[in-house]
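Here come two complexes built around chain A, the first alongside chain B, the second alongside chain C.
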Partner chain A sequence: MTETTAEELPEKVPPRFDTRAMTPYFFILPAVLVMAGGLLYPVIDAVYLSFFDWKIGTPFSKAEHVGLDNYWRMLGDPDVWESIWVTFRFGFWTISIEMVLGVALALMLEKPIRGASIFRTIFILPLMVSPVVVGLVWRYLFDARVGWINFYLAQWFGIEPQVWLGDADLAFFAIVFTDIWQWTPFIFIIVIAGLQALPSEVLEASRIDGANWWQQIFLVKLPMIRSILVIALLMRLIDVFRALEVMYIMTGGGPGRATELMSLHIYNRAFDAQLLGYASAISVLLIVIVFTLSLGILVISNPMKDKADV
Partner chain B sequence: MSSGRIDSPMKIWAHYAGLLVLAAICLMPIWVMISTSLKNEVLIFDGTPVWFFFFPTLENYEYILTRGKFDRYLTNSVIVASLSTFLTLFLGGLCAYALARTEFKGRRFVANATLLVRMVPPAVLAVPAFAMVVTFSLDNDLAVLTFFYTALNLPFAIWLLFGFYKQIPVELEEAAIVDGASPLQVFFRVLLPLMKSGYAVAGIFAFRIAWNEFILALLLTGRKTRTLPVGAAGFITDTGVEWGRIMAMGTLIVIPPLLFTFFAARQIIAGMTAGAVKG
Partner chain C sequence: MAGVMLREVTKAYGPVVVIPKLDLTIKEGEFVVIVGPSGCGKSTTLRMIAGLETVSGGSIYIAGKEVTHAAPKARDIAMVFQSYALYPHMNVAGNMSFALRLAGTPKAEVEERVRRAAEMLELIPYLDRKPKDLSGGQRQRVAMGRSIVRDAYCFLFDEPLSNLDAKLRATMRTELAVLHKRLERTMVYVTHDQIEAMTMADRIVIMEKGVIQQVGTPREVYTAPANLFVAGFIGSPSMNFLEGEIADEAGVLRVRGAGFDLPVPGRMKERVSAARNRDVTVGLRPEHFSANDSGGVLAPIQLQVDVAEYIGSSQFLAAVVGQQHVTASVDVGPDAEPLRSGDYYFDADRIYLFDRASGQAL
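Up next, the complex of A and B:
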């Protein structure tokens, strides 16, 4: 095969500036440009803006270059730490409850039965509803005066009406509750898909070996869907750092900063306190956190890895 | 799927009971929204929940449809959501095809970078995007929102379509080429029919994000370019909280995603689980 002519294998030896070799770039270029302009550029711009003191309403040319001042200020800013703390608490409660509930329900209901697809259709409804609408509906349900939750608490348990969204702890509970309503189905759907994809021989073998119901769950099923569980967990964790719309509608982050997750904190700092540069510095911190978590997902499972190239 | 044992009727009943309770929990807030949108103010402010038996009224719908700027919000939402969905599918499809089918320098980098920027929080986009809009006074231009929604949707669409293209055997295309089909014919006659469900999933997700998105829409739109979610949120701050009208607005916003869910639940679930289960 040393003396192949160009005529025999024209594809294999492209000339230096073959337009065919450029074709893939023409295919990817439009999408890459849009992503670069709409996602990458804002991230870089946020880093750039974080070195400035810039207020809304003034042109950027009037903004003052302040070096790392925004970052020093951020490190000593109790409100920033408060929002990170709220985010972690929110993430801890929502994700652990959603994981336990979602996995438990999936284990209980994994067996395919008649009508399963109708139920599954209903279960994804909360995920499809616009976050703004979710916020509005739950704000109504938690309303102190006309809300249904107060009514039933009073009727069934004799509990005095509470100002749910006006009390720090109760408001936090309310947004956690709302998140659980919306996102438990996500865990449920993913886990049930994973369980049903398990090879039945393995489960059969473990049963023949005498594994009881509990052992089958904790020693066979859950370990086998471990990577699915970790990915679902990381995806939800990233979502917690991205979340702001539901809280924006329900509480606006209040009372005080009780429900102000990091994304909402950035929003409020930028457009309420009107400190664009300072908000950008907090954005950079948020980007670092989210990219680290995303890398985690990529390491565990890279969907575009070349395994399919074989 | 697994067991060879036959379940007792008791077990099956318990199974259905469990599913029914869960379904009720999922549906409850949605039903509260729809039913509240059909109630008059007196009934709503009475504070006693009425689930089913009340005299329905369309006055809330009449109000938002005739007195608000609903038609403008709706037009804006439809334009932005469909245009950005189309662009996402078109550009994302091209990119996914090249990534799945060809080898080129930088391919791996593009693939990984795409996955990494997928998770950029909207709050991070907010300040730079706002700065851009203010600097060039673009707040009355729907193109800005369309552009950002396309950017937000592209990574997921590329990744999903990549998986679908990978599943199609290359031999099919090669056979078509041998038979003398042009590249365009290969794409439209061979690939596209097989990619239908892939594009459907990606399209539903892209449309859903663009249709539902609120924060960027709030920041990047002006009086003339507001979308439905921004309009709905406006009912809270304007003149106290008008629950009936808010719920009517919410119900109208939710109609397209609800229709998608009922007609394409299988595809939506495929899209949701693609990330975790297939990987």
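Up next, the complex of A and C:
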């Protein structure tokens, strides 16, 4: 081959329009459009509405611009604070029990033993049921007069019939129980996927290093799926602030406000009390709370920190 | 008896027997490399020694104790995996000290042993790093360090170098050999790479289809392969096999075939004359071809050269003898012109003869 010198290189034609620099932006454009249309618009609209006093049914042109009034009112509204408190209590009990149960079940059914796949399928059935149906089913199961729960409690344990959905504590227990029933499978399925994706050689290495069953779980397996656990936790946390249908159907938020989670409270304010602007202001608070909590969890746990690239 | 012993060890998955009755004795302090093509059962054998794979029959002894069904941690072994199998959530020090911490070793001693191993492997600057922040070679070192720290009786290696690039692999090979000298521990090393086996092993175990084909020092398996499989597996480029027959020319034995006629070395005479009327396979190592006969002791052989590959000081010839393809590695120095068809020579003292039906060496 002959030597190629710089002079012999073909002349470079400058591009009329350098598309290469633009290419990456074209690729993310659809995602940006969906985000903007589907996610940002409602948020911005909620923020905008929160500055108005607008009754449902009246034209928006009649709505009165009230500045920050809705926010001032919200800060002094004990009902709002109570719904936040109920939401946190609900979130604490449901998420902690779901995480523990889901992880435990996943660890038990992780091995490809005979029959495990049948159990796995049965466990995830509740996930496939629409929340409205879940609410209806459990409302009847918890029903004081015709519900199976009272029936079997009496039949098996001789326990007096309880007015499950009519007592503040019992109703709260009922919605926590129902949520655990429906959402434990979600943790289960995510965790089992994570466990099964763990590289077998690392687990074998830990056996050779002398780890027993417990040590393998707590020192190797769970730390290795930490990012998955954090993501599952985040998704459940966000779900708790969105939870609406089950409580709406089972208790309507009652008795009193015992089971009125934040989203249900917002719904009631918007469509029962017809205070759309005020409800929007509470929604903005909800967004702020969810955002802060999520960010906090992400900062504390940094799920990507230990992501090995092997 | 100390060392590692396998007695009539078998492994079956249901009705499929992957390892029928395997016997192997590894002396204490010995570096044994088990080598073979993929699926030959070498990794399964190693994993049975480690206790990661159940044993279907027979027994395994480590350091004189029967451990056939013992848990891995009860066997006093350390293991290095092909993927390194580091704990991604622990830093280098954490990875290396994990076993000691599990065993409840005092903290000061753990630190001391980790530091010593890290020094030996030049890992001191990386003790705080996570595996993802290390290069492949460094991860490999951490995996080694993790096993060194244990001070186990026996070290097991499952293709530890196959994920490294060629240059690093050569370096690590040397380091491993040095490590073995320093630690004086029994080491069992599995690989499919015969170069690794040849360079590091005290003894090589060659396996195929779950059966040990030959056990011997690198020199033994190269100079006296037990059968066609070993002959073809050991050596690079691999040995050429030509079909031929033994002829007796007035008391002088020759092996002949299409395009070649070579004298049988005197030392083989007795064994070969017994096989006089059987079909034989002749094994010619590529490196025993030469372009000229300086001493006048070599046997001439005609090569019809298809391609001559320039390697540097030698050339690889893809050639034809009679109608059979052969590879020859001819040492002609770096300045030689590409070699052409014509007369070449073969060191007839180094031919190998195999019974064609059984594949066994004559």
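Please note the rule applied: the second predicted complex is superposed on the first by the 246 of 310 C-alpha atoms of A that agree within 3 Å, B and C clash if a C-alpha of one lies under 4 Å from a C-alpha of the other, contacts with A are read in each partner's own complex, and residues count from 1 in each chain.
Going forward, a contact is a pair of C-beta atoms (placed from the backbone, for glycine too) under 8 Å apart; a residue touches a chain by one contact, two chains touch by 3 or more.
What you are looking at is a predicted structure, and each value in this text was computed from that prediction instead of being measured.
**Q** Looking at A:163 after the superposition, I want to know if it touches chain B, chain C, both of them or none. Which is it: first, second, both, neither?
**A** In the superposed model, A:163 contacts neither chain B nor chain C.
**Q** Return first, second, both or neither, reflecting whether A:285 touches chain B, chain C, both chains, or no partner chain.
**A** In the superposition, A:285 contacts neither chain B nor chain C.
**Q** Would you check which partner chain A:32 touches, where first means chain B only, second means chain C only, and both and neither mean what they say?
**A** first
**Q** Looking at the overlay, does A:204 come into contact with chain B only (first), chain C only (second), both, or neither?
**A** In the superposition, A:204 touches chain B and chain C alike.
**Q** Just checking: does A:223 make contact with chain B only, chain C only, both, or neither of them? Give me first, second, both or neither.
**A** second
**Q** With both structures fitted on chain A, tell me whether chain B or chain C touches more of chain A's residues.
**A** Counting contacted residues of chain A, the larger count belongs to B.
**Q** Give one of first, second, both or neither to describe whether A:46 is in contact with chain B, with chain C, with both, or with none.
**A** The answer is first: A:46 touches chain B but not chain C.
**Q** Considering only the touch criterion stated at the top, classify A:60 as touching first (chain B), second (chain C), both, or neither.
**A** First partner only.
**Q** So which bits of chain A does chain B touch that chain C touches too?
**A** Dual-contact residues (chain A): 204, 306, 308.
**Q** Could you please specify the touching residues of chain B with respect to chain A in the complex?
**A** 1-4, 7, 12, 15-16, 18-19, 22-23, 25-27, 29-30, 32-33, 36, 44-49, 87, 91-92, 94-95, 97-99, 102-104, 107-108, 110-112, 114-131, 135, 147-148, 150-152, 154-155, 158-159, 162-163, 166, 208, 211-212, 214-215, 219, 229, 232-233, 236, 241, 243, 246-247, 250, 253-254, 257-258, 260-262, 265-266, 268-269, 272-279
**Q** Flag every residue of chain C that touches chain A in the complex, lowest number first.
**A** 50-52, 71-73, 77-79, 81-89, 98-99, 102-103, 130-132, 139, 146, 150
**Q** Where on chain A is chain B touching in the complex?
**A** That would be residues 21, 23-25, 27-28, 30-32, 34-35, 37-43, 45-46, 49, 59-60, 105, 108-113, 115, 117, 119-134, 136-141, 143, 145-148, 151-152, 181, 185-186, 189-190, 193-194, 196-198, 200, 203-204, 227-228, 231-232, 235, 238, 241-242, 244-245, 248-249, 262-264, 266-267, 270-271, 276, 279-280, 283, 286-287, 290-291, 293-295, 298, 300-304, 306, 308 of chain A.
**Q** Applying the document's contact rule, which stretches of chain A touch chain C when the two form their complex?
**A** Counting only chain A, the residues touching chain C are 199, 201-202, 204-211, 215, 219-220, 223-224, 226, 306-310.
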